[in-house]
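Following this message is one structure expressed as structure tokens.
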Amino acid sequence: MKIKVAIVGATGYAGAEIVRLLYNHPNAEVTAVSSVSFEGKQLSEVYPAYKGFCDKVCENQSEVVDKADVVFAALPHGLSEALAKECDEKGKRFIDLGADFRLECEEDYQQWYEKSYDCPELHSKSVYCIPELFRQNVNKDSIIANPGCYPTSISLGLYPALEKGFVETEGIVIDSKSGVTGAGRGLSQTTHYPDCNEAFSPYKVAQHRHTPEIEQSLSHAANEPLKVTFVPHLLPVNRGIVSTMYARLKSGVTEDEVFAAYNKKYENEPFVRVLKKGAVANLKNVKYTNMCDISLHFDKRTNTLIVVSTIDNMVKGAAGQAIQNMNLIFGLPETTGLDLVPPAF
Amino acid sequence: MKIKVAIVGATGYAGAEIVRLLYNHPNAEVTAVSSVSFEGKQLSEVYPAYKGFCDKVCENQSEVVDKADVVFAALPHGLSEALAKECDEKGKRFIDLGADFRLECEEDYQQWYEKSYDCPELHSKSVYCIPELFRQNVNKDSIIANPGCYPTSISLGLYPALEKGFVETEGIVIDSKSGVTGAGRGLSQTTHYPDCNEAFSPYKVAQHRHTPEIEQSLSHAANEPLKVTFVPHLLPVNRGIVSTMYARLKSGVTEDEVFAAYNKKYENEPFVRVLKKGAVANLKNVKYTNMCDISLHFDKRTNTLIVVSTIDNMVKGAAGQAIQNMNLIFGLPETTGLDLVPPAF
Amino acid sequence: MKIKVAIVGATGYAGAEIVRLLYNHPNAEVTAVSSVSFEGKQLSEVYPAYKGFCDKVCENQSEVVDKADVVFAALPHGLSEALAKECDEKGKRFIDLGADFRLECEEDYQQWYEKSYDCPELHSKSVYCIPELFRQNVNKDSIIANPGCYPTSISLGLYPALEKGFVETEGIVIDSKSGVTGAGRGLSQTTHYPDCNEAFSPYKVAQHRHTPEIEQSLSHAANEPLKVTFVPHLLPVNRGIVSTMYARLKSGVTEDEVFAAYNKKYENEPFVRVLKKGAVANLKNVKYTNMCDISLHFDKRTNTLIVVSTIDNMVKGAAGQAIQNMNLIFGLPETTGLDLVPPAF
Amino acid sequence: MKIKVAIVGATGYAGAEIVRLLYNHPNAEVTAVSSVSFEGKQLSEVYPAYKGFCDKVCENQSEVVDKADVVFAALPHGLSEALAKECDEKGKRFIDLGADFRLECEEDYQQWYEKSYDCPELHSKSVYCIPELFRQNVNKDSIIANPGCYPTSISLGLYPALEKGFVETEGIVIDSKSGVTGAGRGLSQTTHYPDCNEAFSPYKVAQHRHTPEIEQSLSHAANEPLKVTFVPHLLPVNRGIVSTMYARLKSGVTEDEVFAAYNKKYENEPFVRVLKKGAVANLKNVKYTNMCDISLHFDKRTNTLIVVSTIDNMVKGAAGQAIQNMNLIFGLPETTGLDLVPPAF
């Protein structure tokens, strides 16, 4: 018997990607989809690519919870808590792809999202989960806070170095670049083709809302509070994030030691590949899959560790990781439905 | 027990794509790969995307046949016949992604490829097979001539109209546009990024070697010999072909009649979608899959039928169709391993 | 003393491109710009590229005519006639980049634009002018109907063959591909980066409003009314149009004859290059300039003339040709301000 | 009387761009071009874009010096000194777009380029010149070392902050992204379209040869030796560099102070635009011109100054700056021939 899945916000990019990935999941099936903008329309009218594969009609959010064992929510921030509450009360599992459950500290949420919690009691049941780093915190009743795309690429990239105390916690610089699907399906001048093509620039410089989420994970890794400088850029490709991260190596730390720690950390992780010395992570090698590639580089002249981490922002950075989390809370192998070879081109 | 597959020419784009697609095939496994340029190297050294998924070492062509039940050959023209002979003698199935077995008439081959057949006797065992059109010609001993990318998009698009006699056989114009993977992995100035990006032009105008292959299939459809004007263009995208085809409607043929014939022809074909009136085929809706989308348009002012057909040149136009053909000759459902949802972005 | 230029609709792509090109025009200067959407804003706020080069504040349309000797209008169809009338009454020259004055026959305009003329009397003073083909029709009092982008590429490409009677006037097929700036600055799902990048398809198949304008010019060339099949496609590049055109050669017409006629027609035209036999026109060779490249190809198997014509849709297809027309009516060399080398990359 | 210009290495991207820009220079003309690979061919055969604009035949390097007042050399490193010597002896001016004269310290050159100086005596006559920063060092007899593309974007971006002592000289991180023309016209797998399109990664991480050149200029600015961490990335666009630079602000330095210093430094510089608070530099706003856009950002949470600097790598990063330097040594206004509006799209 398959897990019944409802997707709320199914016509956004993350929601649509969950639909695509679940189509080949052997133990789950999409039983309902909802959308505010396209209620009453088939998903394949919004995405003609899906014609014949998912022609489900978008329903009202109020109709879908009862049809599911687990609800994925891909909603703007501020809209997930009420839905989480409904799911919790009805005994449905809830996986939130939005930001409402990601921050452990309500003050951080208030500061960055200008809003308080609607259902504070639910937050004790929620777990922020990049499985490779935090799966031990999850149990079968957890509400899952599915991490943001930038924080996923960054946390996987810096966690081992901070956990082992290889680098200074001050002065970490993170320069990230994201494909345009990261900006969503909504129209804007910035993502209008002639404005976006053959263009490149940072945005929300040192002001992006993923900053506290990044710091939360890295502080856990370092076992002390830390702050980072984080600058995202808009990259003229459809998919993928590359994060280039800079941290000062502590005195005496060797290259071999760092490689060994990363290899050890991820040796049993099917979705993380620590590249060999000399190789450089490239987003093209993870596209359309749940993989994260990490390469490690050492600037001996300035004693700096440079970590390059790359994921597909829509898969490991959103829909894929959400399914990985579903697998986790339902006791399935995490790779179920996600065992995909990245296309070579 | 899985079908054992060897891929000759595995480091070319078509060969590499077969490897990717077969990874998720439940009834087949890659047992050997060969490459002239990269003998002794792991496939994942050539394509780092495959690290951990296919780390097989490229062998010499002479070593791989014995390890397989079926051999896929992705070779430059002129090199497949000898290999086909070896396979035939050893009782191995052979699927050729090159041009050597595609043309039924040796004179055509001589004219367009400037070469005679090396093993004429094999050609009686070979079948040119777009399964949706020609599967009835195949039996379990057939050598498969896997069709070219342009001919696949074009034949699927025009076959029903010609078969039904809806259009004149003279004056057919075919304007095709292909993504850059169609030019292969080899370097050239034309496919150097700054030359190819933000550029567009036709090439081999009315001289492309796929012309006789197109005419062969369309002549079968029309049940009379016909010639077409065929102009391919290089499109600045990685994958996909769009063929826009123009044919004069015979007097009295109605729009409804044409739609009905196309819908009937393909109603049980899982890989062909005839779009509804008003919709337009777009390559983005078939990428990374074995699908072919066809849209039909009528210029009543000039009495012209316009058919737009789109495929992924590397999947339905090469590797995917080859696997579909393998499924066919091994008695598996044709969709086995190929039941993939096109990504929405 | 410089020609004073006002641009109405200066924040659209065509208007903005006129501003850019006129900056280096030795005999003209922009004295006023207007915009409905951005009234009161500097043009360089809308286009930061122009900071320091054109910081003029966008005014109301009603304010700009008096500040100019010539008014360029880049407006949606239906809005130009009133402005043309005002200019005419005030003795100002008027160059319309929209469609209102392009069609000689009001019935065509009614049919394709669903609107009648507001000022029929003005149409006797207006001249549709691709200078290379129609400059003889213009005098210093003419209202200029600046041609559409597709019609410019097509008319320059087919005119000589039709004028000389080399090809049949029936059955002409025109398959055009345009960069995304052709769709304008306005947002739409089709031109949203992730929808448009790595995508390709035709649009408005056999229904594009440029069709009657194309037929008007080609009928003049052939000296008889003709109809064409015209299908435009959206090309994932910023700029440029390639039109691939197919016409049946009349019996006995030779390749040399055709080349000779094209070379003769354009031998003194600085903006048209007829490429040598064997070369193929590519949009990358005309980008950012007023050039039109034409290549000629012969499919002897089907007796078809294939003409490939390429322009920059925003320059020769809009702003550049408008300035060329301004030069023409003000008695300046047509190349003034437009003598630009296409970038090699 | 115009300055006679010879370009050695004219078929490389930088050389070809000089040709394009000089075409509209009122006081200079190209009198000779040379190329090793294309000797005897017209430049317009190599770059069909130039047909009719520059059809000069590529000569042997030995033939061009005598035809010129100034020689631009766009050669691989190690080949410029001999040519510089010849020019010097013949009283010709010499502008080197390669690396041979850029480093003031021969040990640095030996370390990074694995080669000693061939003509050490010439180096006392050579001046490394980003005109906005170093024009005071140049006189009419100087051999010009035209700066590299990355160093130009970086030096313009960080110079004022270091000169004023606003930031710490330790721990500076520079994350740069360059369009693909930066890799040159030569073919490589990395720049093969399907490998490069929809891809992104750093390269030569902390090992790029521009590092000592960057440090040289920034050390001058700071008036003390400093080292930086520099990581370049390959960006899937044709043109443009964006450098995102991170430096720790010294205690007490205010945002206003920094803006004021940058505005003051560049207030009379026609090619540098310091953007207003809140604006972000984007490469699309400088493309095809000699402009450099700089935006300033403050991460108050970590006390970090973030400078974003963008140029067109082929213009301000190569050919345009070389012409600016030519103007400088010939006593012309630096903007001569370079007063170009960046296209809005």
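Structure notes:
Here the chain labels run A, B, C and D in written order, and each chain numbers its own residues starting at 1.
Heads up, the rule we're going with is that contacts are C-beta pairs under 8 Å (C-beta built on N, C-alpha and C of every residue); 3 or more make two chains touch, one makes a residue touch a chain.
These numbers were taken from a predicted model, which means no experiment stands behind them.
Interface comparison, A-B versus A-D: the pair with the greater number of contacting C-beta pairs is A-D. Using the mean of the Cα atoms as each chain's centre, the chain most removed from chain C is A.
Separation between the centroids of chain A and chain D, computed from CA atoms only, is 39 Å. A straight line joining the Cα centres of chain A and chain B is 36 Å long.
Contact of a single residue of chain C with at least two other chains is seen at positions 13, 181, 194, 197-198, 236-239, 282, 284, 345. Interface of chain B with chain C (complex): residues 171, 173, 175, 177, 194-195, 197-203, 205-206, 211, 227-229, 231, 233, 235-240, 242, 244, 246, 248, 280-284, 287, 297-299, 301-302, 304, 306, 308, 310, 345.
Interface of chain D with chain B (complex): residues 13, 179-181, 185, 187-189, 191-194, 196-198, 236-238.
On the side of chain B, the complex with chain A involves touching residues 13, 16-17, 19-20, 23-24, 47-54, 181, 198, 238-239, 270, 273, 275, 279, 282, 284-286, 288, 314, 339-345.
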